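Following this line, the structures themselves.
Same chain, two partners: subunit A is paired with subunit B first, then with subunit C.
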Partner chain A sequence: MTYEFSGKSKMWLLIGMVVGAVCLGLSWFSGDDGLHTRFWSNFLHNSVFFTGIALMAGFFMCCSITAWAGWYVVFKRVWESISMFLIIGIPLMLLIGVTVALHMNHLYHWADPTMIDPTHENYDTIIAGKSGFLNTKWYIGGTVVFGLIWIFFLSRIRSISLAEGQTGGDGFEKHYGIRKYAALFLPFAGFGSAAMIWQWIMSIDAHWYSTMFAWYTGASWFVSMIAITILILQYLKGKGYYDEVSTEHFHDLGKFLFAFSIFWTYLWFSQYMLIWYANVGEETIYFKERVTKYPVLFYANLVINFVAPFFILMRNDTKRKMGSLGFVAGLVLFGHWLDFFLMIKPGVLHTAHLAGGDHGGGHGHDHGHGHDVAHGAHESVFELGFTIPGLLEIGTFIGFLCLFFFFVFTVLSRVPLISKNDPYIEESLHHHT
Partner chain B sequence: MSGHVSPIREPLVQGHKSYHDITEDLCAPTERKPSAAWVIGIIISLSLLGFGLFCIAWTIWHGIGTWNLNRTIGWGWDITNFVWWIGIGHAGTLISAILLLFRQKWRTGVNRAAEAMTIFAVICAALFPGIHVGRAWVVFYFFPYPNTRGPLWPNFNSPLLWDLFAISTYFTVSLLFWYTGLVPDFATVRDRAKGFRRKIYNFLSFGWTGSAKHWQRWEALCLVLAGIATPLVLSVHTIVSFDFATSVIPGWHTTIFPPYFVAGAIFSGFAMVLTLMIITRKLFNLENYITIGHIESMNKVILVTGTIVGVAYLTELFIAWYSGYVYEQFAFFNRAVGPYWWSYFGMMFCNVISPQVFWKRSWRRNIALTFFVSIVINIGMWFERFVIIATTLAREYLPSSWSYYSPTWVEIGIFIGTIGLFFTLYLVFARVAPVVAIAEVKSILKTAGDQYTGPDAIHSHHGHGDHHDHSHAMGLAANTDHHDHSDGGHLDLSSSTASSAIASSAVAEETVSIETESEAADGPRIRSTVGPDDLKKIEGIGPKISELLNAGGINTFAELADTSVERLKTILTEAGSRYQSHDPGSWPEQASLARDGKWEELKDLQDRLDGGKFV
Partner chain C sequence: MAKSKDIIYGLYNDEEHLIEAVRAARADHLEIMDVYTPFPVHGLDPVLGLSESRLHIAGFVYGMLGTLTAFLGMTWIFTKDWPIIFGGKPYWSVPAFIPITFELTVLFASIGMVVTFYIINGLGPGVVNPTIDLRITDDKFCIAFDKSEVDTSKVESFLRGSGASEIHSKTI
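This part shows the complex of A and B:
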């Protein structure tokens, strides 16, 4: 059976994308800052979020292949399709890299060349010390190189998997081929995701660092990926596809959602607790900003991404009922989007303030400021789109989500939904938890 | 775990084992005289343990000054060994709990030994905090006891105290998990034992009878313990990592420590499991249960966790530079090229480089290489802890306090003593308890035995499924899948025979052998045409009853078909009270089908029977 991407679905998704484009466009004109910080930070926020989801789908699929898991095979085309979204996501990240290099925005504090110029009054020793890594060459180069490697491996895996679906063969040569690519992909995903998370997200708070950050962010992507998989599968089942995907499969996905929500919390707690306990100013500033100026998001992050999935999914039956599982999946997807919001916006806003928020564009070269983050005290005012997501942010999220679904469903509709020649297909069809 | 098994999967039980063979093979090490190798092993282990005890006594008698610790380097080999042993203690619970949740069937071959290893490693670890304080007689200060000595309380803000709780919780739950798994197996050993030995095992098995109720409660307990144990695997080494990471010492204070310590612990735990299992399978002839496939799976875990640890090492190194914090930068510079460069190099080489050999399949399946690499990793993980502890302390903020440290013979002796303790306990365990979990291996036999799946399967159809799918439907407790009666509400005949068999009374043992044979009834191997027939193919007849019938002059299906039920009952009654529970009512009918070669009909009939009885 092949998924038929109906005109009606396409239309709704296109409407969503138009809404997103309008909201993103409006955010260009929002605020009085000539740097269009709200626009660029929304663009970065959503691009990085969905790119990461695609990467994690590929990552989890390769883990499952390498671990000889059988249960997921019935819907493996969905993960293959999600992972292909990297073809959209990586160019989006590249676009950000290029605009950073061209100084079309000021998302990254370190992108200001005066910061590393010892003769300039803006000179910042810390950022100068990091400039070997925090520069646009690394940013663009890393995005391109790792992006291409990830796309190469994941599309090889998908094309072999499609060939397997068509011709099969008793010797499982195709499956052995997939295994090789899957295993080799894992270290590239592991090392590469860490490096790119440092570039894409952690470097927004350019002075700050945490060794945990890459894994923490990866876990957030991972939970979002599981949530979005559940939502896609529920949608397809609702449309009458995937009869073979049973309550048992949803139960297992629910367990992953539950377990990795706890894992995410574990990483969140470990990072927070160690920084709080040691109380080193350079480190605590990150959380101090967020607790004091973004308390709603700070606590909502924990409630939505830990308390809710933990208590709702703890029971057996809530993982097996479509309503409760779908509710939690939708909730944590939004929750982790908020988590990324909270990772990105405070630093971006701070950078924008440091750059002067001058009305005439430019990069704030002429605004001498104390660049020591610890006393970079600008007055704390509520700013919609930064302090909490405004309607434009929600609209942009919907737009990106629709783009994501549009792409995934287009890819998914090209081939039969079930790969009947996968060696594990019988296990998956008769899966019992 | 469904009854459908992918044809690509490698069988996990080799040698066409029947349920009875499994009991025989796995109980054997507890029933025969110890081999020379075992005796030599225990003598060596006890000698090492004795030397260790001497060194501990020496420390306590002469004081902690017999160690080479100094004002700068306050933690040396003691805490290095402590963290090393705790780390090793992680694989057991990982295998029992997390691999159980992931339904990894290969865990059944190694879980028992790994759980035992966990407990012994934690015992070895627990020794060190006790003696490193110097005054062992006030070690109760560790515990939050009702305070009678003024304002002196354990510091509840201190990770060192959390560690005490974490480790004692972990130890308790691991012990319960291990012992719970052992109960049915002790019963199996008991049922084969005589005299005083039987009494001991009866006591150890808590009077297990193998009733459905027992299995049901056992399953429930296993599930609860697995649920508790899973977060514990993470928590223990997380809190050990807090001992370091909550400080402000460069090289210790880094946020990646919790997950990185956990990954490293699993890594070192698996290395030790490999070291032990490669010896054990050889010593006790368990190659059919701990197969090359098991070793390959563990080597994959080694490769993955080794590489995760590698990511963490490089993350630390990179972020140390990135931080722009000179002390942090110096800490790592010092680790790599300072006076202890050799331990940093040893750590990197042993833990990150050496596991990379397992990218190659034939090397993953090479036992000698695996053994060698597992030892290398054990050493490497010791280096890791030494790097973190001693190297970091040796170069503190104040250069005038810089120091260098190498251990005295006492410190080395205590470490050697813990190795002796560990192997003494392990060798004793391997003698008194089945070192591979009998009930759990039985539970995977039909989905992972090589007569059912893989290239040597005697079944004609792929996937080995359909007609006995029901016996494998199960919940999270992979180890219990034969006993799960909750599946869809239909009465599960083969499953009930299997569980009574695993309950391991000698009588039920027979029933199972039959069941196995009857499963294979459509296979060519057992279709005999000449000479005495294999009467065990009749459901309800096992090896013992088969012998009784042969003695009574019934050797073929034809003869059995012509025998009256009354005569069969007489034969059974005369053989003794233990056979009275058998109802031969269906045997002649079954035999007539067998005589006529109507195997399919026999199969259908047997599916309707319960242990050979009409329901």
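This part shows the complex of A and C:
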């Protein structure tokens, strides 16, 4: 059976994309900020979020292939389609890289060339010391090189898998081809995602670093990927497709959602506690700023992404019921989007202040002088779009989500939903948890 | 030890045959005493009509008990009983309590569940549980019937018909 991407679904997704485009466009004009910080930070936030989800779908698929796993095979076309979103995501990240190089924005602390000029008053020894890695050449080069490698491997895997779906018999030849590419892809995905997380996200706060950050962000992507997979499968089942995807498959996806929410929390907490305990000023500032200026998000992040999935999905039956599982999947997807908001916005705002641009939404929010977080830490002013997501941010998220679904469903509708010739298809059809 | 039972049992070579046989036996209203397998067979519990174990509920309660013991215990110790300043942190340092809270939660839940499991199943030091056939710990799957509850000849023909490789009677 092939998924038919109906005109009505397309229309709704297009409407969502238009809403997103309008919101993104409005954020360009939001405030008097000449650097359009709100626009660029929203753009980066959503691009990096969905690019990572695509990468994680490919990564987990390749892990499963390499581990001889069979349970997921019945819906493997969904993961293949999600992983193909890299074709959109990588150009979006590249666009950000190019605009950073052209100084069209101030997303990254290190992007100001005067900071590494020893004769300039802005000279910053920490930035200069890291400038060997934190520069536009590495940023753009890494995005292009890793992006192409990821897309190459995942496209190869998908094309062999499609060929297998058409002509594969009971032989394993095609499957061995997939296994070879999957195993080779894993180190590139593992090390590459870490390097690109440092570039894309962690280098926003270029003075700060955490060795756990790549893991923590990767876990956030991973949980979001599982959540979005659950939502897509529930939608397709609701439309009458994928009768073969049973409660058992959802149960296992629910376990992954549960387990990796805890894994994410473990990494989040480990990073937080070590920094809190060591209490080194350069490191603590990262959390100090987030706790004092973004208290709602800071604690909501933990409640939505840990407490809720932990207690709701703990029981056996809540993982097997479509209502509770779908609710948690939606909640956690939004929660991890908030997590990325919290990773990106504070650092970008800080950089924008240093660069002299007011961030537009500021209402008497220490104009004029640099944004000295150590002294400004007592203030806790909620500003839509800056310290908490406003309507434009939500709209932009909806737009990107619709773009993502539009792409995934378009790719998915091209071939039959189930690969009849995969050697593991029988195992998957008779899956028992 | 409880009083001895006369049982009749069939051995199967394959878990698929076992599940089919269990299903057929229940359809025939033959009262199965127990099923023995060398490893957990997926999907056997619902076929046998076993209700879901409530052990995990006990586990949750033990876990919460561990959480509260650790967290409230440390709170009392470090704020009332013996306050010490570590690394310039406040007495009541929640992040520092989390790892130990986690450890005690796991410890209480796991030990509590193991003890509960042993008590419910009548296991423990010195308990001798008869093994029906040594090969059920290796490669044989066994369905056992209590002769006092079923018609022996009917069971025998059922076992023969459902693909049992061996049929034995025994007193345990």
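Keep in mind that, in the parts below, the second predicted complex is superposed on the first by the 408 of 433 C-alpha atoms of A that agree within 3 Å, B and C clash if a C-alpha of one lies under 4 Å from a C-alpha of the other, contacts with A are read in each partner's own complex, and residues count from 1 in each chain.
Here, a contact is a pair of C-beta atoms (placed from the backbone, for glycine too) under 8 Å apart; a residue touches a chain by one contact, two chains touch by 3 or more.
Worth saying up front: this structure is predicted, and the values here are computed from it rather than measured.
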- request: Have a look at subunit B and subunit C on subunit A after the superposition and call it: clash or fit.
  value: clash
Task: Considering only touches as defined above, state whether A:Thr211 meets subunit B (first), subunit C (second), both or neither.
output: first
- prompt: Of the partners subunit B and subunit C, which touch A:Gly70 in the superposed model: first, second, both, neither?
  reply: first
Task: Figure out whether A:Met314 sits in contact with subunit B (first) or subunit C (second), or with both, or with neither.
output: second
- prompt: Should A:Leu267 be classified as contacting the first partner (subunit B), the second (subunit C), both, or neither?
  reply: first
Query: Who does A:Glu282 touch here: subunit B (first), subunit C (second), both, or neither?
result: first
Message: One more residue to check, A:Thr125. First (subunit B), second (subunit C), both or neither?
response: first
- prompt: Which partner does A:Gly190 reach: the first (subunit B), the second (subunit C), both, or neither?
  reply: first
Touching partner for A:Tyr424 - first (subunit B), second (subunit C), both, neither: first
Field: Partner contacting more residues of subunit A (subunit B vs subunit C)
entry: B
Task: Can you tell which stretch of subunit B bumps into subunit C once we superpose, 7-15, 25-33, 331-339 or 511-519?
output: 511-519
Query: Can you pull the subunit A residues that subunit B and subunit C both touch?
result: 273, 277, 279, 432-433
Statement: Seen from subunit C, its contact residues with subunit A in the complex are 42-43, 52, 56, 60, 87-89, 95-96, 98-99
- request: Show which residues of subunit A lie in contact with subunit C when the two form their complex.
  value: 269, 272-273, 276-277, 279, 314, 316, 432-433
- prompt: For the complex, which residues does subunit B have touching subunit A?
  reply: 1-9, 101-102, 104, 231, 234, 238, 242, 245-248, 253-259, 300, 304, 307-308, 311-312, 314-316, 319, 322-325, 359, 462-463, 465, 469, 472-476, 487
- prompt: Considering the complex alone, what residue numbers of subunit A touch subunit B?
  reply: 66-70, 125-126, 129-130, 133, 172, 175, 183, 186-187, 190-191, 194, 198, 207, 209-215, 255, 262, 266-267, 270-271, 273-275, 277-280, 282, 423-424, 426-427, 429-433
